[in-house]
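Presented sequentially are two complexes of subunit A, the first with subunit B as partner and the second with subunit C.
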Partner chain A sequence: MNLLDIRNLSIELDTPNGRVLAVDRVSLSIKEGEVRGLVGESGSGKSLLAQAIIGVLEDKWHVHADRFHWRGIDLLRLTIDERRALLCRDIAMIFQEPMSCLDPTTLIGEQLSEAIDSKQLSGYFWQRKKQRKEAVIKLLHKVGIKKHSQCISSYPHQLTEAICQRVMIAIALAGRPILLIADEPTATMESTNQGQIYRLLANLNQLKNMSILLISHDLENLTHWTSTITVMYSGQFVEAGTTEQIFNKPMHPYTRALVDSSTKANLQLPTKSRLMTLPGSIPILQHLPIGCRLGPRCPRAQQTCVSAPKVSNFHGHKVSCHFPILHESPRKESKKHKAVKHKTVKGNN
Partner chain B sequence: MSVLLDVKDITKSFKLKGHWYHKRKFNALAPISFAIEAKKTLAIVGETGSGKSTLAKILVGAEKPTSGKIYLNGQLLQNQRFKERCQHIRMIFQDSGTTLNPSLTIQELLDEPLTLNTDLDEKQRRQLIRTTLQKVGLLGDHMNFYPHMFSGGQKQRISLARAIILQPQVIILDEALAALDPSLRSQMINLLLDLQQQMGLAYILISHNLGIVRHFSDDVMVMSHGEVVESGKTLEVMRNPQHKVTQKLMMSQNFQIK
Partner chain C sequence: MLTFTLRRISLFIFTMLVLTLLSFSLSFLFPGDTVINHSGQINATASELVQLNKAYQMDKSIVDQYGAYLTHILNGDFGQSMASQSPINNEIIELLPATIELSLVALLIAMVVGIPLGFIAAINHNKASDNVILSLAMLGYSIPVFWLGLLAILVFSIGLGWLPSAGQISLLFEIEFVSGIQFIDILLSDSPYKWQAFSNASAHIILPACVIALAPATIFIRLSRAAMIEVLAASYIRAARAKGLSFQQIIFRHAIRNALIKIIRHVGLQFANLVTIAMVTEVIFSWPGIGRWLIESIYQRDYTAIQSGLLVLSCFIFIIHILTDFIYAALNPLARGNQHGS
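Take a look at the complex of A and B:
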């Protein structure tokens, strides 16, 4: 069953020059126990989407969706308070820079114990304090911090970034969430620490059956840790499928370019040869092209690309492009082509 | 090929707070020696605190080495003579957004190194700025713009223009590719490789990303706690990593070369 099911979610922003469509009809679904990657370059609206899911966007952003279901409950029909209560019980989020998200004036131990719901504690009121402390230590052990007493009695600036990120994950885990949204959890981190954080998330996914939405700008770092990937470009849905499908048989020209430009995936390339890349850069929000937003940069663009393409589904591999790169054998393709031709001839008769 | 930059036994140590009789020292760099030829790239990899950035600062002249000598084309580079050094060795920083002065136009930004280091008149300088901007893939008319009008990738190109405008021989890239988006990063790599062929530049690349290191560099130097633990041809080191630090780095990025 789908945990989160979003269909055609749009986010608009009020500007002096009218409304701008920042996120344009993006669909996203997360199954139970799945690690889904959300990939897109900066300015593609992936963080906006994450913030829209947990409902922390400011009033100037307007969110519409055709369907917005959380475990079968239609979130759009709930009042704001009901929705907040539901989401804060089930979904937790960790942010990009752990150092700046933790309160610098409060001890780590206090911040952690604040996050523990008193409903989780059993016992009389005089036992509560001790229980809470035990729960904090348990949480720290869960995220792999062994020196708990030292960590509890220190401020965020006294700890390294990787440990701060672990504390953030511990705070997120305190509510025992079903879905964890990780918004670039390892940006500005070293590769050895990155590996540790990803491994911790993978462990949580396997041991607790917790679903994870992993947001990142780099496709090559994600592939090892995710089972399915959704790619976005400039606020539009590009492609979704399993990691193998996306990485080995990309259908959208943009995903193809991302995979081709990755130095890690193309180890067979001779050193110092030219890398495949798209010309130009990501359009800014004020000057978005109409139709498919990749249009001006796309090598396969044709006249029809001025209208936004519909999402087509190839055995669970969804792609939003008028001219997807098909990897079927050439014979099959020609057969299909013939069949279509035959039909049109009939129609004319 | 002749050696372009020759570094011999560079060390750096910082004085720490301590008692009179217990003066403590922190050795940031153990004696380090290496050499680069023109049109070659040396990559320096290592964890934070391994002394990569200290080494870069010493090469560019922002810090004085405690001991050791740097030779450029066989000539000794003196520590105090920045004018000579800044023409030959230039540096690009990680975050191009914060290293460009927001209150100056691109022309004024690029004009500064020219007025300080060359005898060109105003017309020649303007022409040089125009051609340099075109060389890095921007338009000549961009020189009247301010830095905030550019995107991240374009800003990085401007920093590159500022680095190459004095026709240097060595460029130091201190994590210059880390903060860019993947598609812009590969554009930038292509541009850097083209410029290397055209101008005969030598690069010193400081990076975490082993994929880029493999693609971009000829030689690699792995550092840990101020010491070089492994060095050699990039492909040979990556095919058969000997030291524990190198193996750990490659493991953490799931990086393997057959």
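Take a look at the complex of A and C:
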């Protein structure tokens, strides 16, 4: 069963010039024990989506969804407080720039211990303090911090970014979550620390069967750690499938471009030649193109692209494009896509 | 912490040196003879003048003169008041504690009222209560203090008769002068009417302190509102929400302390403003403080008193400034310890 099932989630922003649709009908589903990657450029709305799931967006953002199920419970039927209580118990989130996500004036130990729910502690109230401290130390050991007493009695600015991120993970683990949302957890770190954090997350996934939603802009790095990947562009759903499908046989021109721009997939390229990139840059929120938002930059765009494409499903490989790049033999595909492919070939000629 | 303290002390010493330089130069700028401005002895005989010239080393270079002036000040000799011909340091010792008492009580009222109101406004940002608090703050800031003081006397003393209109304590009570701060003296005295005196002194201080506190309180409202809005938008508050903490827990455990840190530095700055308001208010409420004395000295062209009064008041303001710096360091772990490159 799907742990999290979101269908057509939209996020709107109130601006002085009316509402802007920042995230346009994105679907996302996460299975139990799965590591799902969420890839997109910065500004593609992936952090927004994550914050909307956990419900920490500010009031100026408005979220709508056709379906929002958590372990079979329809969250749209619950009130905001009930939803928050349910989600905060089961979902934890770690953010980018961990140092700014820790209160600069509170000791690490205090911040950790307040994340521990008092329901987890047994015993009388005079034993609680000691139990809390033991639980904190245990959590720090879990995330690989051995010098726990030093860490407990320091302030965030006295620790490195990587240690802070470990503390954030420890705080997230305190609630014993089923799903961990990691929003670019290594954005400001060196590569050795990046590897450590990703390995820690992978261990947690394997040992505790914790599902992880890993948000990143780095498709190539993400392929090492995820089993399935969802790609977003400028607030729109692009493509979803297993990591192999996305990385080896991308069907959407945008995913194709992402893969082409990574070094690993282009080892055969001669030295000092340029990597393939899409022309232009991601559109700003005030000037979004209609229809498929990739339209103006897309090498395969045609007139049809001014209307938003529907999501089509190829054996679990979902893609939202009028003219997907098809790797399989044409026989297997629907009539519509035959026609589309025919058109594309003509267009290329 | 030791380095922090040493830095503050050295800053204090150098600022005081600059201040004495200023008050020293005032003697030259004021009309009249420099040595008489220094000492305040307007009726000095010829032999006394020779003695004074020698004491202030008027025949030597200006650096020596400054050195002599500094020695006099460090020995606690501010000269005589030109108006009353009594030593100024005695007058200051009698009057300054009353001003300290009044301004500290006013500061306390301003903080206790202003900061929570600002927090409430920030928490209800862009709602009705926010707008009400902000407009009240604007209104309070725009009212001139001398008019407000008279209005307060008119309403609460004459109209309603709740509070006394002038003085520090009723003349009926005889309190021995120990520290000069009325409340401490009352508590130290062994008079049988100690508590009646205490309540009488409290009744006397309420009205002037509230009048002084109004303008700083409105500034504190705006400062704390801005600080709280900034803190509530910070990512550690969002992370705390994602952690599953309730709104009250977030406010009381994380937001207030961080917002206070941003405000506490401004308290020291606002204190100078508050003392200026206190001086005017002392005149209105006949409070026997140094502000009223200073303003009277200005009327009487008592140059020696003006000089020393300015020096003492600015020294007091600066000490409060340093104290707020220490409170800031105690609250903010980032300010403690060695700061390299800053």
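FYI, the second predicted complex is superposed on the first by the 328 of 349 C-alpha atoms of A that agree within 3 Å, B and C clash if a C-alpha of one lies under 4 Å from a C-alpha of the other, contacts with A are read in each partner's own complex, and residues count from 1 in each chain.
Keep in mind that, in the parts below, contacts are C-beta pairs under 8 Å (C-beta built on N, C-alpha and C of every residue); 3 or more make two chains touch, one makes a residue touch a chain.
On a predicted model such as this, the values are computed, not experimentally measured, just so you know.
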item	value
When subunit B and subunit C are modelled together on subunit A, clash or fit	fit
Touched partner set for A:168, first subunit B, second subunit C, both or neither	second
Touched partner set for A:141, first subunit B, second subunit C, both or neither	neither
Touched partner set for A:272, first subunit B, second subunit C, both or neither	first
Partner chain in contact with A:190 - subunit B first, subunit C second, else both or neither	first
A:42 touches, of subunit B and subunit C: first, second, both or neither?	first
Touched partner set for A:176, first subunit B, second subunit C, both or neither	neither
Subunit B versus subunit C as contact partner of A:130, first or second or both or neither	neither
Centroid geometry (CA): angle subunit B/subunit A/subunit C, rounded to a multiple of 10 degrees	70
Subunit B versus subunit C as contact partner of A:19, first or second or both or neither	neither
Where subunit B and subunit C come nearest after superposition, their Cα distance in Å	11
Shared subunit A contacts, counted only where both subunit B and subunit C touch the same residue	none
Sites on subunit A touched by subunit C in the complex	51, 54, 56, 58, 88-89, 92-93, 95, 97, 100-106, 114-115, 117, 155, 157, 168, 171, 175
Sites on subunit B touched by subunit A in the complex	47-48, 151-154, 181-187, 189-190, 193, 208-212, 214-218, 234-235, 248-249, 251-255, 257
Subunit A to subunit B touching residues, read off their complex	41-42, 190-192, 194-195, 217-220, 224, 257-258, 261-264, 267, 269, 271-272, 274-278, 281-282, 284
Subunit A-touching residues of subunit C, taken from the complex the two chains share	233-236, 238-245, 249, 253-254, 257-258, 261, 331-334
